[in-house]
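We call the chains A, B, C and D, going by the order they appear; numbering starts again at 1 in every chain.
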Amino acid sequence: MVKIGVVGCGYWGPNLIRNMVENSQVDQVTVCDLDPRKVAKIQQRYPTVKAAAGFDELVRSAAVDAVLVATPISTHAKLGKKVLEAGKHVFIEKPLAPTAAAAQELIELAAYKKLTLMVGHTFMFSPPVIRIKEEIDRKTLGTVFYISAMRVNLGLHQKDVSVVWDLAPHDFSILFYWLGERPVTVSALGRDSVLRGIPDVAFINMEFAGGAIAHVQISWLSPSKLRRTTVVGSQKMLVYDDTESLEKIKIFDKGVEYKNPDTFGEYQLSYRTGDIVSPQIKNYEPLGAEMSHFIECFTTGKKPLTDGECGLRVVEALAATDASLKAGGKVIRL
Amino acid sequence: MVKIGVVGCGYWGPNLIRNMVENSQVDQVTVCDLDPRKVAKIQQRYPTVKAAAGFDELVRSAAVDAVLVATPISTHAKLGKKVLEAGKHVFIEKPLAPTAAAAQELIELAAYKKLTLMVGHTFMFSPPVIRIKEEIDRKTLGTVFYISAMRVNLGLHQKDVSVVWDLAPHDFSILFYWLGERPVTVSALGRDSVLRGIPDVAFINMEFAGGAIAHVQISWLSPSKLRRTTVVGSQKMLVYDDTESLEKIKIFDKGVEYKNPDTFGEYQLSYRTGDIVSPQIKNYEPLGAEMSHFIECFTTGKKPLTDGECGLRVVEALAATDASLKAGGKVIRL
Amino acid sequence: MVKIGVVGCGYWGPNLIRNMVENSQVDQVTVCDLDPRKVAKIQQRYPTVKAAAGFDELVRSAAVDAVLVATPISTHAKLGKKVLEAGKHVFIEKPLAPTAAAAQELIELAAYKKLTLMVGHTFMFSPPVIRIKEEIDRKTLGTVFYISAMRVNLGLHQKDVSVVWDLAPHDFSILFYWLGERPVTVSALGRDSVLRGIPDVAFINMEFAGGAIAHVQISWLSPSKLRRTTVVGSQKMLVYDDTESLEKIKIFDKGVEYKNPDTFGEYQLSYRTGDIVSPQIKNYEPLGAEMSHFIECFTTGKKPLTDGECGLRVVEALAATDASLKAGGKVIRL
Amino acid sequence: MVKIGVVGCGYWGPNLIRNMVENSQVDQVTVCDLDPRKVAKIQQRYPTVKAAAGFDELVRSAAVDAVLVATPISTHAKLGKKVLEAGKHVFIEKPLAPTAAAAQELIELAAYKKLTLMVGHTFMFSPPVIRIKEEIDRKTLGTVFYISAMRVNLGLHQKDVSVVWDLAPHDFSILFYWLGERPVTVSALGRDSVLRGIPDVAFINMEFAGGAIAHVQISWLSPSKLRRTTVVGSQKMLVYDDTESLEKIKIFDKGVEYKNPDTFGEYQLSYRTGDIVSPQIKNYEPLGAEMSHFIECFTTGKKPLTDGECGLRVVEALAATDASLKAGGKVIRL
C-alpha cells in the first residue's frame, strides 16, 4: 500500500485524486492547494482525503511516498524539483516544464536521487492509442508515410499558455510514441486571433528521421469538436476519431502499390481496396491505468512509459513550435 | 450563336463538350485529339460534333470562334498561345501554365490581341463557393481569422504532375477568391510516398496580407474522401463539406469575444453559441455556368471572373509550394 | 425549504437524491432501501443525507414533506398509495403503475387527499423536447402528419418488465405531450428473442384523433444506439436526435403542397426546400428541472406538467401495446 | 446474340435500354412508346436502336426474342400477357401485376407457353443485398430475430399508385429473398397526408413462419433520404445503409446470450461486443447484372432468381398491405 500526495485541486487535480482514492493500492491521499475552498470541496466529496497545510508540509510528510503535481504549467518544474529534493517520487502533469533546460534538470535530479519521475501524458495510456501503437509495431500498416492530426474545438482560452502548450502535448506525445522517435524538424504557422500574444490556432508540420511526416492542427476557435487522426501506411491506413463512442478506430485495407516497370519502362500503379475493420477496443479510464503505472514504477523501480525523456521530447517540440511561430513559420531543426 | 472548338477529348474534355453541345448559345462544336478513337467516341455520343484533322486545323477554322484547351498541363501554355496567335478567344483548363512566366506571357498576348483569356477554375462557379463568398463579403463572418481546407482521397496518381498541381489549384482558387487576395508567404511539407519524385501528400501553410492564415492539406493517399473547408471568423464560423449532398454549408453562430478589461485589469472572454444554419444552396452544374460565362465574356468583352490574372495567382502559389517542398518547408515570400 | 424522502437507492434513485441534495430549496433528504449497502453508499457520497429504518418510518417521518418513489415498476402503485395515505405528496417514477386501474386509483386518492401526485416522465422536462413542443404549438410545422421514433440499443435486459414498459414510456410521454392527445388505437408486433416471455423488440403503430399517426420502434437488441425521432408536418419537418451533442434538433424547411387543380382538373404538387436550421437549445439537466417543478407544485398547489392523468395515459397505451402484442398485432381501441 | 424489345421509354425504360445497348450479347434493341418524342430522344442518344410503330408491331416482330415491359404498373399484366401470347419471353418491371390473380395468370401462361417470365426486382441483383443473403445463408448472423427497414425521402408523389406500390416492392423483395420465405401476416398503418386517397407514408409490420419479424417504413414525405436496414441475429447484427458510398454494410459482432440458469435458477445474460467489419463489396450496376441474368435465363431455360413466383409473393404482400391500410391496421393473414 502506498501514500500519495496531490498538489493542486483545480481543474485536473480532482481527476487524479478520484483515481487515487479508488485505487486499491493506495491507503492514504493527502492534498494541498493555495485555495482552501478547493481543498474543502475535495474533502467533502472524499472524506478520507487528508489536507496538508501547504506544499512544504505535503512534500515533507512521512505520510506521503510520492507526489502528483497538477498545478499551472509555469510551476511544474519548480514544484517537481522540490518534490525530488524532498526525496519523493514525482508525477508531473504535461507539459513537464516550460523549457527543455528545466525538463533536463528534473531528469538529472531524479536520476541522481534514484527517484521515479513520470509525466502525465495520459493519452499514451488510452486503449485506442495503445491499439494503434500495436498495429504500427506489428507492421500491419507497413511503412508509415504520414500522420495528420486535428484537435480543434470552441475551447477554453487559457490565460497563461497558448493553444500550443495546451493542446499539442496530446498529439506530440501520441505521435512520438507511435513512431518511436521525435521529429527532426518542426515548422508552424499560427495566429493570436482573439487575445494579443496568445496563439489560438496553429498549423504544425513535422519531419521524422524515419521518413514519416506529420501535420498537427490545433485550435481553440473551431465550430465543432474534432479529434481525428489519420495514419497512412504503405499497407493499410487508419483513422482514429476520439469523438466516436463506438468506432474510435477504423482500419482501411487500402493502398497503392508501385509495380516494377514492365519491359516498356512504364510504371504501373495498382490500387487495393478491402474490408474496413473497426476493432473492439478495451474500455477503461486511461487515467486509472496511468495512476497504477506510476505506482508500479515507483514501487518496483520500473522505467515509466512516460518518463522524463518522454516529457522532454514533447517540451523540445513545443519550444521548437513556439520558435517557428515567432519566426513566421521558419523550419526549426531539433 | 457561337462556334466552339475543343482541344483534348480525354478525361475532362468530354465534360466541356457535353456542356457546350447542350448550351443554347452554341451552334457548332468542333473537336480534336491526338487519339482518333477518342474523337470517334465523342462523335458517336454527340453526332452533331465535328472533328478537325488536328489542332492546327481547329484553331484556323472559320467555324471556330473560341477554343477550349483541355490537354495535359504541360501543353496548356503552348497551345493557349497558338490559339491566341490565331486570333481566337481561349479558355484554358487549370492550372493555366507550368510557370508564372508562361502565364504572364499568355496574359500579355491576350491583352495585346484584345482577346478573352479565361482559366477553368470551375469551383469559382460552384453554388456553395459563391454563397460563402457572399457571406464573407457581407461580413457575416466578421474578420476571417483562418481557413483550413482538406482535399484528400485514395486518388488517381497523375503521371506528369504532383498532387500539388493536381489538387491545390481547386483550394488555391477558392481561397484567393474568398479572401480577395493572394498569399504573401507559402510554406509546405510533403512526401513522395509511392512514386519517387512525385509528391502525393502535402501540408501547405499560407499567410495573407489581410491577416488571415490558411492550411491546405491535399493527398492522393487517404482512407476516405474528405473535401472539408472550415472558415473561422470573428463573428461566425462555417464548414463547407463538398461531399455532403444536403448540407454542403453549415454556418455556426459561434464566437469568442474579448471584452475590455475591467478595473482590475483582468481580461474577460465571452463565448457565444447560437443556431446552426445550413442554407439552401442553388443546384446547378458549375461547369455549365462556367461555359456560359466564357461565352458571355468573349461575346461582350466582359472581364472573366477567372481571368488570366486569377490563373497567374494560382500558378505563382503552386510554384511557391513546389519551391518550399524542395527546400524542406522553407517559407517562400511572394 | 422542503424535506424530501426517497424510496429506492438502486439504479435511478441516486440521480434523484443527487438533484435533491443540490437543490437550494431542499434542507433535508431522507432515504430508504431494502438493501442497507445501497443506503450506506449514498450516505458515504452525500454525508448530509439521513437514512430511515424502512419505508414505513420514512413515510411517517415528520422530517419528510414529500416522497419520491424510485423502486421496481411492480411496486410503484402500492408504495405510492401508502405515501398518499400517510398524507405526503408523492413523485412516482415512470411508468406510474402496472395497470390503468391502479393508476386511476392513485389519481383519485391524491385528489381526495388534496395532495400532489407527479410522475417521472423526465423527457417532458428536456430542453429539446420542450423546444419541439413550442414549434408544434406555434404551428411552425403546420399540421403534424406523422411521427416516427426509434429508441434502440444493445441494452440491458430487465428482469421484471418487457422492452415496452422499459423504453416506450419515454416516447409515449413525449408524443402525447407534443400532440396534446393520447392515441385512439394502438397495434404492435414484437418478439421475445432472448428470454422467453419478455419481448425485447417491438414495432408500435398508433393513430390519434387529430389525424396524426405514429410509429415507435424500441429494442434492447440493436447494433448501435439510436434515439431519433422524425416529425413531419405540412409546413416543415424536423429530426430530433438525442444522441447528437451539438445538433439535437434540425428543422427542415421542406414540404409538398397540393395546389388546387387547374382548369383541366390536373392536380399540381409543388415541392419546397429551404434552409435547415439547428436551433441553439438550452443546456440544463432535465432531472433538475423536474425536481424543482415537483417542489413548486406541492408547495404552491400547481398542477404538475406530468400529473397523474399524464401518467395514466402512458399506462393505458402501454397496456394496449401489451394486449396487441399478445393478440398478434390486433388493433386495440382506447 | 439476342434481340430485345423494350416497351416504355419513360422514367425507367431508358435505363433498361442503355444496359441492353451496352450488353455484348445483344445485337438489336427495338423500342416503342405511346409518346413518339420519347422514342425520338432514345434514338438520338442510341442511334442503333430501332423503333417499332407500336406495341403490337413490337411483340410480333421477328427481330425481337424477348420483351422488357417498363410501363405504368396498371398495364404490366395486360402487356405482359400479350407478350407471352405472342410467344416471346418477357421481363416485367416490378411490381409484376396489380393483383395476385393477374400475377398468377401470367405465371401460368408462361409455364404453359414454356417461356421465361422474369420480374424487375433489381435490388436482388445488387452487390450489398447479395452479400447479406450470403451472410444469412452461411448463418454468420445466427438465427435472424428481426429486420427493420426504412426507405424514406422527400420523394416524387406518383399519380397512379400509393407509396406502398412504389417503394415497398424494393424492401419486400429484399426481405423475402434474405429470409427465403414470405410473411404469414401483414399489418400496416398509413396516411394520405397530401393527396386524398393516395397514402404517402406507411408503417408495415410482418411476421414470418420461421419466427422472424420485420418492420418496413416507407414515405415520400421525409426530411432526408434514409435507406437503412438493420438485421438482428442471434450471433451478429448488421446495418445496410444504401446511401453510404464506402461502408454500405457494417457487421457488428454483438449479441446477448442466455446462459442456462445456474443452480439457484437465476437466468444469466451475457453481452458480447467485438469488431465491426465493413466488408469490401463488389461494385457493379445491378441493372446490368439483371439484364444479363434475363438473357441467360431465356436462352438456356434457367429459372430466373426473380421469377413469376417471386413477383407474385411481392404482389400478395402489397395487396395485403393495402387491405390492412384500408381496414385501419387489421392483421391480414396470407
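Here, a residue touches a chain if its C-beta (ideal position, glycine included) is under 8 Å from a C-beta of that chain, and two chains touch if they have at least 3 such contacts.
Everything numeric here is computed off the predicted structure, so don't read it as measured data.
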Contact-richer chain pair [B-D vs B-C]: B-C
Which listed pair, A-C, A-D or C-D, duplicates the contacts of A-B in over half of its pairs: C-D
Chain B-chain D separation of Cα centroids, rounded to whole Å: 43
Chain C and chain D: spacing of chain centres that average the CA atoms, whole Å: 39
Separation of mean Cα positions, chain C and chain B [Å, integer]: 53
Two or more partner chains touched - positions in chain C: 224, 246, 273
In the complex with chain A, residue positions of chain B that touch it: 145-146, 148, 154, 157, 159, 185, 187, 189-191, 193-195, 201, 203, 205-207, 211, 213, 215, 217, 219-224, 230, 232, 234, 237-239, 250, 252, 254, 256-258, 267, 269, 271, 273, 328-331
For the chain B and chain C complex, residues of the former touching the latter: 246-247, 253, 273-280
Chain D to chain B touching residues, read off their complex: 44, 47, 224-225, 246
